Amino acid sequence: MSATVTEAPIALKKNYLSALKEALFEEMAGNADMICMGEDIGLLGGAFGVTEGLQKEFGAHRVMDMPISEAAIIGASVGAALNGKTVMAEMQFIDFISCGFDQIVNMMATYHYRTAGEVNLPIVVRGPAGAYGGGALYHSQMNEAWFCHSPGLKVVCPSTPYDAKGMMKAALRDGNPVLFYEIKELYRKREIEEELPVDDYIVPLGKAAIRREGKDVTFVSYGQNVYHCLEAATQLAEEGITAEVIDIRSLVPLDEETIVNSIAKTNRVVVVNEAPMTCGFAGELVARISDSAFEYLDAPPVRVTRMDTPVPWAKPLETYVLPSVDKIVTAAKRVVKF
Amino acid sequence: MSATVTEAPIALKKNYLSALKEALFEEMAGNADMICMGEDIGLLGGAFGVTEGLQKEFGAHRVMDMPISEAAIIGASVGAALNGKTVMAEMQFIDFISCGFDQIVNMMATYHYRTAGEVNLPIVVRGPAGAYGGGALYHSQMNEAWFCHSPGLKVVCPSTPYDAKGMMKAALRDGNPVLFYEIKELYRKREIEEELPVDDYIVPLGKAAIRREGKDVTFVSYGQNVYHCLEAATQLAEEGITAEVIDIRSLVPLDEETIVNSIAKTNRVVVVNEAPMTCGFAGELVARISDSAFEYLDAPPVRVTRMDTPVPWAKPLETYVLPSVDKIVTAAKRVVKF
Amino acid sequence: MSSTSGSATADKPKSEDSSVPQRPSEALSKDECLELFRLLYLARYFDVRLIKEKKRGRLRGTLYSSHNQEAVLVGSLFGLQANDWISPIHRDMPAFFLKDIRAGWRNPERKGMSIEEVCCQVWGKVGSPGRARDNWSHIGKRDAKIIHSTSMLAGTIPVAAGVVLADKLNGGNSVVLTFNGEGSTAQGIFHEAINFAAVHKLPVITIVENNQWAYGTPTELEYSLPDFARRADGYGIPGLIADGQDVFDVYDKVMQAVEYARAGNGPSIVECKTFRAYGHGDHDDDRAVRYREPDQVEKGRERDPIAVCRKKLIEKGYLKGEAAKKFFAEGKNAAEVTDEDFPPEVVEYLKEGIEFALKSPVPDEAEGAMWVFKENA
Amino acid sequence: MSSTSGSATADKPKSEDSSVPQRPSEALSKDECLELFRLLYLARYFDVRLIKEKKRGRLRGTLYSSHNQEAVLVGSLFGLQANDWISPIHRDMPAFFLKDIRAGWRNPERKGMSIEEVCCQVWGKVGSPGRARDNWSHIGKRDAKIIHSTSMLAGTIPVAAGVVLADKLNGGNSVVLTFNGEGSTAQGIFHEAINFAAVHKLPVITIVENNQWAYGTPTELEYSLPDFARRADGYGIPGLIADGQDVFDVYDKVMQAVEYARAGNGPSIVECKTFRAYGHGDHDDDRAVRYREPDQVEKGRERDPIAVCRKKLIEKGYLKGEAAKKFFAEGKNAAEVTDEDFPPEVVEYLKEGIEFALKSPVPDEAEGAMWVFKENA
């Protein structure tokens, strides 16, 4: 997370994308029963290069270039997983997951439940997500709420290279289907590159991270918005308001304890995410906070989310509808002054 | 809504299903540009009979039996609507909407937005929904939250014959795509039959109804759960607690005013719906209430929802995971005593 | 770039399980032929008993009768090896206990589901492989190599493809039969899965039970082909047509497809032409007479699979004299048959299953919240 | 039950708009042939200019070059009537202004999109038909009878089917051309839509631009047919093959499909065999050389559609002497061509479009929250 330039050889610093790639390479090497399926992941190495070199290393039978068939990718992953494989299934953009939606929510999510535990599915469905890059309606989505609303799926979204690698490994070993939201705007972001442990490590699913400590207001967020929150915290600090920034990292399961503990201290909370407001995960966080931390609250929990619109293409429009540092600062001041 | 037996001739009382059927017949008769598409809606008259007689009356070119292709049904509806038709598209069970998901959230929901208003789509996607009938995982869903989270869709769910007819007519005239959740357990429920106006009427989308007045706690709900709330209110009244029951009827757009006004009076709220808890509409209601009515609240807003599980088949399991009168009563007492 | 062919073929399949020799029906022994006949009775009796139980109000859920379509199930499953997989759907309840039944009706070692397990599922008891968490045909069992379907039609085909892909990667040579109504083939997932299987030559055999109706919709509104099997041409894979009333023909065509698949040639479609005897589900029996012409129904049910089989057995000389005149379930509706129309071992077998189910407990309510996730230690 | 055939046919189609006579390419006039040639240049120049603008960093978004595939667009669209519909996708940007261009390049009355509108879309200006709310090829215009696609491949086909269904119900006889890459045909929706169109004999023509690659995946991993056109056999509809490098052959095959559809016979597939010149998108140009063999690329680009057309025109005697030697864009990459390689009216036309776009304002930020719903009074 640190953006400071150190004396360490630059080669050791990894970006978010390389961290993911390393996780895939290491898990593939360590688990002979693991396979990967997706569009253009083999020959091409993936639209963004997350799987670059993987097919060369492990063969076309373990790294399969699939037809443009999201539903078949998910369905076949389920079948392979039910029959003993661990599967990484790539959605070229997470937006296209809607084309395989039924297989995810009705087939994959429920398999363990329907079979009373006989079958469990070690599958990670991963893909590039998120707005702010001019991707417009269909290359900008954060549609995680649909899946948080589908019991049986874990849903995670790392914001740092360290977490990207550690959570990918945890997800591939979890034994449950995990939807893994990768933030494409972070893939090659220089400022967040960091050294990664040489040894095998995981970041357990379901543990939040406190990215900055503060006492006046708590920001709860994940993905790109974590950086917006950090920047807002920096700006607010100049005005004497200190914000605590929580990166939940894992939506399902959720680390409520870390959130409640923070609010017990700050008594104020702003929840930030870039999905549309209505029925998004920000609302879920507010509802849980209202339930578990009501007595601590000195002000209403506030949401800063995308407006209830698609993500438009033209830059001024895109900026207008998405959460921003300014909007977070404004919201923070509102709750602090409440 | 009244369950009292009156002297009026029984023939005038209509059940929820007949109310819907009447709406379809009348709109088809009044709008030569309206067509209906769905599986088994013509020859058979629909799995539940909502479209019975419709094809005979209006012909197979206006009431089309479609192949078992939910995505094509939605997509073709969009095409026909963009080219001047008003379309009723039936999902045989609302559960199967997941098979046409992409066409709904990415094609239909966004068309008006993408075209800066050039195209608007008068489409009602309707289908039988809801649990409590032993339908198990795939014939019990209330998956409205997915669509509330997809900007550009209106989402409604009537609970009475009067509303079923009036809202169906309003939806078919609205000019926007509307997802219309019909509660199949209410289709033929005798207790809720009621006389319907002889003249044309609509129930505007976006207006809540107060089903019972009270001053100690507000219940906010829709669909079948409205009846659970009413029964809970009756039981609570015996203990001297009076509950106000709000049937929101329309989720998107939402009548926040009626909810806030009620909470201003009761200072306590229990939100009830039968979808899974996480990222469901109950959470959205709590988040909005926290935002707009925080100062009125003397207790945390409480959710009574389905547990975060699918709907299991075996009766004891189904009952266990779903909201019930008992659970609502318990929640109400919790907030009243808070 | 070394190769553009990423087909998931591992080493050549080993023929590890060849306990069931692949033979044309001509080469089946007398015992095997008589067993096929008995299995038709077994499938029919199961259906009949459920219809009766359902009418008496002793069952929840919807019964999708397999009456008149039994030869499709019996014939398809008879030649499979124990390591092969199947995925039945709503109209295929008997398939669950028919899989690998050649290993012995009561053999506890056999791969497949016992009649007790199937009855527990129907009655919603804990003895069901899914502990009655989902209804009727939505069961399966990994060890029995039976894949669980959801309600979403055709949704199991890609899963089946993934299952045999995994076997293939492990060097196995199993095949999978997926069962589908002809109407279900209009689903997008049907296309995605079969295209995928064709590209990777996966041993996925799509059995299409073409019973000429999809709920209340006739085939001409479901697809536009004279023979559904021609859909296979669009994937460059074999499309076979079987007389779905003739258990021997179904057996032969499916065995052709199985051998083709096991040899590594990939998927195929076997259209079995049959006819739905009753309504779509038991709730629909009354209405079905309104959307189907009586003479169409009569014609469709003319060739009862039991009668067709009896005739062949008599021709072959396997059934003669008194034996040929015993047990006449054929052509009769559930309301008309009695236990006397069925071989006593058939009646007995199912009775045991039902009794077991009736004695089994229903699951405890708290199970409703269990197994949403696999718990990790 | 009176009828089991619920086909959505209204009265027989009236031939209200027969301004464009359906003629084989043999019967096209010299002027028409020369116009086809010019349109190939126009499509190529548009692409070239965008590549250059993109390289200079003056455009946002991804450019999916149509280089080497222009004959598919020009040939398909040339014979359409003004009332016909189209749905282009990512690689078809020129299609937006090519529709109905026969009515006059600068004719403000013509049905179709003006070059100004298309340029405004590319540059993200308010003059775009969608006010730059969605990117690049995601435009359309109801009045121009151009259907808006989303990014989700093949997702426009059912919409196209619905559009012509509505026309048919109104007694019209329009047809719709949907454009699709060969890889996109693996989507489930492709199957659902074409099956539906086949059942109801809807005039939906699926143009498959088979450029042999889907992003980084070759056709043999996308489908398993020697000729993609054979997919049509699975629906019982015609599957035509056109030489996608030959604008006349494309024109002829598409016109056959159009006439067939307009006569009420229903859908068809026209496979146009072509080859993608560059990377999948401009971001992919560098990587594409890693997954494609250089000689495959060379061979695929051997027959530049402009060269093929030139040769035919020379054979026909429509181009001779100096005229035949003028303007040589063919065979050259964007980096190599100059404006001199194109007819001046082509350069001029696009220049006007670009200038218009550059002068147009970007939309106001507040538009981001507008038009989520149609407001009701």
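Side notes on the structure shown:
Each chain carries a letter (A, B, C and D) given by its place in the written order, and its residues are counted from 1.
The working rule: contacts are C-beta pairs under 8 Å (C-beta built on N, C-alpha and C of every residue); 3 or more make two chains touch, one makes a residue touch a chain.
The model shown is predicted, which means the values in this text are computed figures rather than measured ones.
Interface comparison, B-C versus B-D: the higher number of contacting C-beta pairs is recorded for B-D.
Farthest chain from subunit D, judged by C-alpha centroids: C.
The distance from the centre of subunit A to the centre of subunit D, each centre being the mean of the chain's C-alpha atoms, comes to 37 Å. Subunit B and subunit D have Cα centroids lying 42 Å from one another. Averaged C-alpha coordinates give centres for subunit A and subunit B that are 32 Å from one another. Residues of subunit D in contact with two or more other chains: 1, 4-7, 131, 133-134, 138, 150-152, 186-189, 192, 195-196, 199, 218, 221-223, 291, 367, 372. Counting partners per residue, subunit A has 42-43, 65-67, 69, 71-72, 95, 98-99, 102, 106, 110, 113-114, 137-138, 151-152, 307-310, 312 as the residues that reach two or more other chains. Per the touch definition, subunit B reaches subunit A in the complex via residues 95, 98-99, 101-102, 105-106, 109-110, 113-114, 137-138, 143, 145-146, 148-152, 252, 275-276, 278-284, 286-288, 290-291, 294, 299-303, 307-310, 312. Within the complex, the subunit A residues that touch subunit D are 39-40, 42-45, 47, 65-69, 71-72, 92-93, 95-96, 98-99, 134, 136-139, 307-310, 312-321.
Residues of subunit C touching subunit D in their complex: 1, 4-7, 186-192, 195-196, 198-199, 201, 218, 220-226, 230-237, 266, 290-293.
Partner subunit B is touched in their complex by these residues of subunit C: 60-61, 124, 131-135, 138, 150-153, 183-184, 186-189, 214-218, 221-223, 287, 291, 362-369, 372. Within the complex formed with subunit B, the subunit D residues making contact are 1, 3-10, 129-131, 133-134, 138, 140-142, 147-148, 150-152, 155-167, 169-170, 188-189, 192-193, 195-196, 199-200, 367, 370-374, 376.
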